[in-house]
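Common to both upcoming complexes is chain A, partnered first by chain B, then by chain C.
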Partner chain A sequence: MSLEAPDTPETDAVTEHDPEELAALLGDLVVGRDDHLNAPGFVIRPDTVQETLSILKEQAGYDHLSVVSAQEYENRYESIYHLKKFDDPTQEVSVVVPADKDSPVSESAEPVFRTADWHEREAYDLIGIEYDDHPDLRRILLPETWQGHPLSMDYDKDQPQIASLPSHVNPIQEHHMDDESDTMFLNIGPHHPATHGVLHLKTVLDGEQVVDVESDIGYLHRCEEQMAQNGTYRHQIMPYPDRWDYISAGLLNEWAYARAAEDLADIEVPEYAQVIRTMGAEMCRIAAHMLALATFALDVNGDFTATFMYAINDRERVQNLLEDLTGQRLMFNYFRLGGVVWDLPEPREEFFSKTRDFLDQLPGSVEEYHNLITSNEIFQMRTIDTGILPPEVAKDYGATGPVARGSGVDYDLRRDDPYGYYDELDWDVITEDGCDNYSRLLVRMQEVEESAKIIGQCIDLLEDWPEEERNIQANVPRTLKPDDDTEIYRAVEAAKGELGIYMRADGTDKPARFKIRSPCFSNLQTLPEMANGEYIPDVIAALGSLDIVLGEVDR
Partner chain B sequence: MGTAPAQLFPEFIAETLGISGVPGQVVGALIAAAVIGNIVLAFTGVAGPWAKRKITAAFTDRIAVDRIGPFGLLIIPAAAVQLLAKELIVPEGVDRPTWDIAPILLPASALLGFAVIPMGHLGPVNLQLADPEVGLALVFAFASIASVSLVMAGYASNNKYSMLGGLRAVAQNLAYEIPLIVTAMSVVIFAGTLQMSGIVEAQQDVLFTIAGFDIPTWYALVNPFAFVLFLTANMAEIGRNPFDIPEAPTEIVGGYQTEYSSAYFVLFYLGEFVHIFLGGAILAVTFLGGASGPGPESIGFLWFVVKIWGFFLFTQWARAAFPRVRIDQLIEIGWKGMLVLSFANLVLTAVIVGVIV
Partner chain C sequence: MSSDQPFITDESRVVTETRDARMTGQGDRFNSRLREAFGSSPFILTKFDKFLNWCRGSSMFMLQFGIACCSIEMMHTYAVKHDLDRFGSGVPRASPRQADVMIVPGTIVSKFAPRMKRVYDQMPEPKFVVGMGSCTISGGPFQEGYNVIKGAEEVIPIDIHVPGCPPRPEALVYGVVKLQERVANGEAAPVTVKPYELEQFSDLEKDELVEKLTDQIDEDELVMRYNFADSP
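So, the complex of A and B:
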């Protein structure tokens, strides 16, 4: 396994910073402390965001802006920049930026972290904080004609909204269309076979080559965050995560919420349940990666490709196992805070043998995919050296998951920020150095095999687990009311990358703020970097290799 | 060629009906053309709604149509009714009548090509409409009209995807028609004639004998290199994977067909399938000994059917297995690779034929 060439001084032993050191480093910039459960939090003035983040990025090595979460309090607005290190994601720091209640203006972090672009647009769209120095502060999830900011306190829910757009609108026209140039504007989507859902790419073409591409998202925005804020921690939130990345990655999503809520309410999960969770989550990962492979083949080979059906077939097999385990094929709702809802299906031996059968035939299937696509010369011609995403750019955009690992960024929360049973098991993090469409596909295909390894070990463990110690749920109170003003950000490695949840408790049984850090949202942001200057088919391939699910991008 | 030319299909009909002279020629030609046209259309009727689904399903571990009629065969009339019953949507701003002519031109051009194809004997009947001395040149000329139709459709649809598809179609056909025809020229050098029946005739000698089986001098066996070149160029010519980029549904959503619905859509589909069969027919005539095969000459037509359906099967296989190349890569393969190779093949063939004969 090769790692990226070190551009920065070798940080093998990533230096730990204790909060006092960081406070000293930031000096006068810090005006207060607002620690979160996961990280120290420094309150800064809204006009020093860039300065603070630059210091933390350049001097302390916090090079990963996971997410920007924003919220409104009785007396102020607040943006929180959750920073991590790609080399060691357990080192976290939160930068809390309060903004004035009457005119919430805060400096944009976009010049320091490119990924802040979309995150701040979302905060502007839903909460109403304005970001100074932001290159393009427009609504992102809601239609441009929307009135008000739905997650702000004075939002009038009964206000009628007119969501219309003039037809054939070309919002980036003036940048590219003048009398001399002969570029063409092309709408790819929202209904297009290769956009994997309702995504709209505003594309400017010069012949067949792409001059500029801009993603227009929000078509599948279902207010998931707000729905979660209206649900109780204990029972009502868990069904929602299945609907984010709905490409059968349900258990991985559920784990993101479970992990955050369990840490927030200080719940210890029994080991046996952790093994079941680990096994189920990896089954979901296989299902999700199989679909990624299938649709990528569809994008590059064209419809009628055999690979698509073969991969879907394998996905069905793993879904059969998930159905045996959870009773569902897509919307599992299997995790509970403190464990899982029920034990393995009886008879256990049958479930184990079915799972082993699946694991036994999987290497053959992967081999066949290698024969069919990755070793095909035309396929290599199409995917190698197209859709280039250099590691530094990937980090700057907060790309995670197979997209980052395909660019040689060795970042996997299962290993780097262990949860569940992963650190007890023997498996590897896959990275590839190609930074292209081909590498991202290879990473996914190898991750399927690693997941199979994990499932195999889990099965062995579960088989030998003494019957009296099969504890599937911890004792969790019927109503959870975490302490007032506790905040937490926790992430897991979902199929697409770092899926994180930020929650703020206000002493009630429902979260006061529930923010989803969607890996697809950040990954999709990299599309223009990969697509500009390439041909249309490469844009389609690059989009396919990002493996986005619009349910998770739009939430 | 020493043998007397076989009686052509129109002459056979005129003689059977007992009409002579010009009326006989006209009646014979019309009836014969209708018969041949219907045979080809019947092929496409089977191929489009049924065989294509079944073949693709076999390649992708599925079952496909099997509910309606034996083996799902009644899906053919069902699909016909369904497609024709759809509303014809004429988008705003299309350039009529160009937009209307294009879907007629495509199947027409491909069907015209069959006028000179010797489809072999069925009993006493020789299924060939005409056998002009420039037959091979004529068939390529007819087949090339298809590109004009694609450009017309792409341009007249007033849709950017169609436009891109039309442009891709021209670029692709320019890049592949030349190697295709140059490779066919090497066959002409072997056969010494452009006449279709003459080319078939020249492939009937015995190349060598293995264990009592006579291996004929089919040009695919005499010059496999040219055969592979021709096959590849032919795939590009008919626009099938790995060269289906003028349509590329996952990129430009069907290209020139995007705006066509109902009967016009059927005509396009029909045209494409007739084109595949014409490609198979040209391949069979130039490289696979036309209608020849084991058994008496009177079942030649069956061998011909086997050959063109074999080619159809090949296109569907390629479709299930091969990725699509990118437009710039396709142009590169065409102009920098195939063109050079096809000329090399031509010169080499000319030298060899010159030395031996």
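So, the complex of A and C:
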């Protein structure tokens, strides 16, 4: 491994806990064991969630609640809290909380991990588990007037539903939070150019300052989890990940599913395919970050400006390469379980030289962006010291990816939980300590250069790869049926952060539960922390720097 | 008209002559180039309509409206390389009140359909809609979803469907140019009754579901009622 040694001494000092130690630490709280493929699982009573999680957080250092995945069984409901450490994400533990079938009530984890707020609301919305002590248990993805919980067992898909349009009341009506303040309510979205899709922000203003901002999501909730649960592991699920984070990050998303399913079904991927995957994924990351840059410049600088056009131009270049590789511009469907669908395009030399041309002109483009925006005084005034997200807050909300790294949280699954070919290559994890909108942008721009470094090394490797060893796919059975009741949570570093998949197999060729841990979902949750007390333009800048994709937030 | 000539009082003669000249195509002053372009129909209103349609088709203001994956390809269509502006239709307007054409780029779900209908209603007449991608045709890959509207046409009328998941920018350009042709020819989507309409809650039929929601929704609030069992 040629990565630089981590310069923070405490990374080395992360103590490992074996399952027995953790069981001893939790003592009587543990009522059973339900181990997952990725982590030991402790079953606890539904009224001891806060106690258990705070022991694990305070005493064992599990400070990252990746996701809460909920599901219904024949005889019970179950919420699983997937915990990790920011310093070493390979140390995982699952806390399994069964709830009663007739009245599924479980204690909320929100007082321990802020991020549990939205995750539990989603579990309530889709599965129907109620969380005691939750600050605001409402539906989050579906309209508030929806009947039934769609991923529960007795849901009737054909029943009529009514969705209301409450925002047809005056969008700038007077609104008084209390007797003294004279505040105004302002709707931003769901159709608004600055919300990057269909996000609805309910903001309360005091003068020009934001008192409160609440994101209303679910305008693009297109049942991705249900779709995956209806598909077979082998072929039918793979097209969907492309459509979660649709900003050209297709291969990164596909990798999340591929990694989880390959570990679930115990498939070994040939090394050659891993190199192709790594190269393709990094091309996607460049494309995704270019759009993030383009739209951020659009939000902060104004209408369709030069930066937007330049960045789109660079995206077109990457997309041409990806099209050569996969045959598609946006929805690649290129990965298969056990490898990739086909080898590099022939003639290979042409593909290599095209890719090298792109890599050669990239530093010039990045330089140009620095001239255009990051060194622009007006841009700096808008972004430096606005949208502050301190590292502790970012961790508490489970923020990952460039958002966390812009707050100085040194967390990148490509390095910390290596997969693919990343640990054989020479590249760096970028962090910035500014914690503001500017830092998040800088992280993305530098990551583009790191990705270019990775692609360059992959190209060199692929060029010299002996012809008889170009094995693009492992031998995978036509029908995959992982063992009954095996569960796994696996994550990869997507363009926006930790993209994880939780899957439970039930012995058939389709997953019984498929849960997507979307980085944008957790990242968007931090918006009030950044925006409250700031001005309206800063909200827009903060939202732009979060770089959310609504397809991934709502799934 | 010189003052020594008497004012022509026989109006019928003038009218007849003019009309005859128009119908038979006699008289040079009616055989202008404009006339050649517009044909020999005698009604000036028709020609004016045609002229207006031509104007409309040649300069369309698009609504800047992003929903899902297709909006990424839509942005690429507006931006460099594909540059929809070459065809006189590439100016995205952020406000529906300034837009002629709405490209619906993505999956419509239950929560968003009333909002989309609202945005469509806010656009001034005449307005046209391009449905981009499979989701706006049938729900596309998400058709089975419990929350997905089976095509944008359930909610608003669509003039042109561009298939694909997502359609390539070239395909969208083709769709937009086709729409321009249709607009220039004065064609528009047929007026049909949509399965899903925005209605006042008090106007809904008082069935079990409505009874159940009476304490949650205001009487004069606008709602959209979905009958998923009847969807294709």
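The criterion applied here is as follows: the second predicted complex is superposed on the first by the 527 of 555 C-alpha atoms of A that agree within 3 Å, B and C clash if a C-alpha of one lies under 4 Å from a C-alpha of the other, contacts with A are read in each partner's own complex, and residues count from 1 in each chain.
The definition used in the following text is that a contact is a pair of C-beta atoms (placed from the backbone, for glycine too) under 8 Å apart; a residue touches a chain by one contact, two chains touch by 3 or more.
Quick caveat, the model's predicted, so the values are computed rather than measured.
After superposition on chain A, the partners chain B and chain C are accommodated together without colliding. Contacts of A:N371 after superposition: neither chain B nor chain C is touched. When the two structures are aligned on the shared chain, A:V300 is found in touch with chain B, with no touch to chain C. In the superposition on chain A, A:P193 makes contact with both chain B and chain C. After overlaying the two complexes on the shared chain, residue contacts for A:M381 are found with chain B alone; chain C is out of touch. Once the two complexes are overlaid on the shared chain, A:E144 sits against chain C while remaining clear of chain B. The partner of chain A that touches more of its residues, comparing chain B with chain C, is C. In the superposition on chain A, contact is made by A:F308 with both chain B and chain C.
Look at A:L291: by the touch rule set out above, it reaches chain C but stays clear of chain B. Measuring from the middle, so to speak, at the Cα centre of chain A, the directions to chain B and chain C differ by 50 degrees in steps of 10.
By the touch criterion defined above, A:T479 lies against neither chain B nor chain C after alignment on the C-alpha atoms of chain A. Applying the stated contact rule after C-alpha superposition, one finds that A:N230 touches chain C and leaves chain B untouched. Remark: least CA distance from chain B to chain C after fitting both complexes onto chain A is 5 Å. Taken together, the two complexes place residues 192-193, 304, 308-309, 313 of chain A in contact with chain B and also with chain C.
Taken in their complex, chain C has these residues touching chain A: 64-69, 71-73, 75-76, 78-81, 92, 94, 96, 106-107, 109-116, 118-119, 141-142, 144-148, 165-166, 168, 198, 201, 204, 207, 209-210, 212-213, 216-218, 221-229. The touching residues of chain A, when paired with chain B in their complex, are 184, 186, 192-194, 208, 297-306, 308-310, 313, 372-373, 376, 378-379, 381-382, 535-538, 540. Those residues of chain B that touch chain A in the shared complex are 56, 59-62, 160-161, 164, 168, 241-242, 244-245, 248-253, 319-329. Listed in rising order, the residues of chain A touching chain C in the complex are 142-147, 150, 155, 157-168, 190-193, 196-198, 218-223, 226-227, 230, 239-240, 243, 246-248, 291, 304, 308-309, 312-313, 315-316, 329-331, 550-551.
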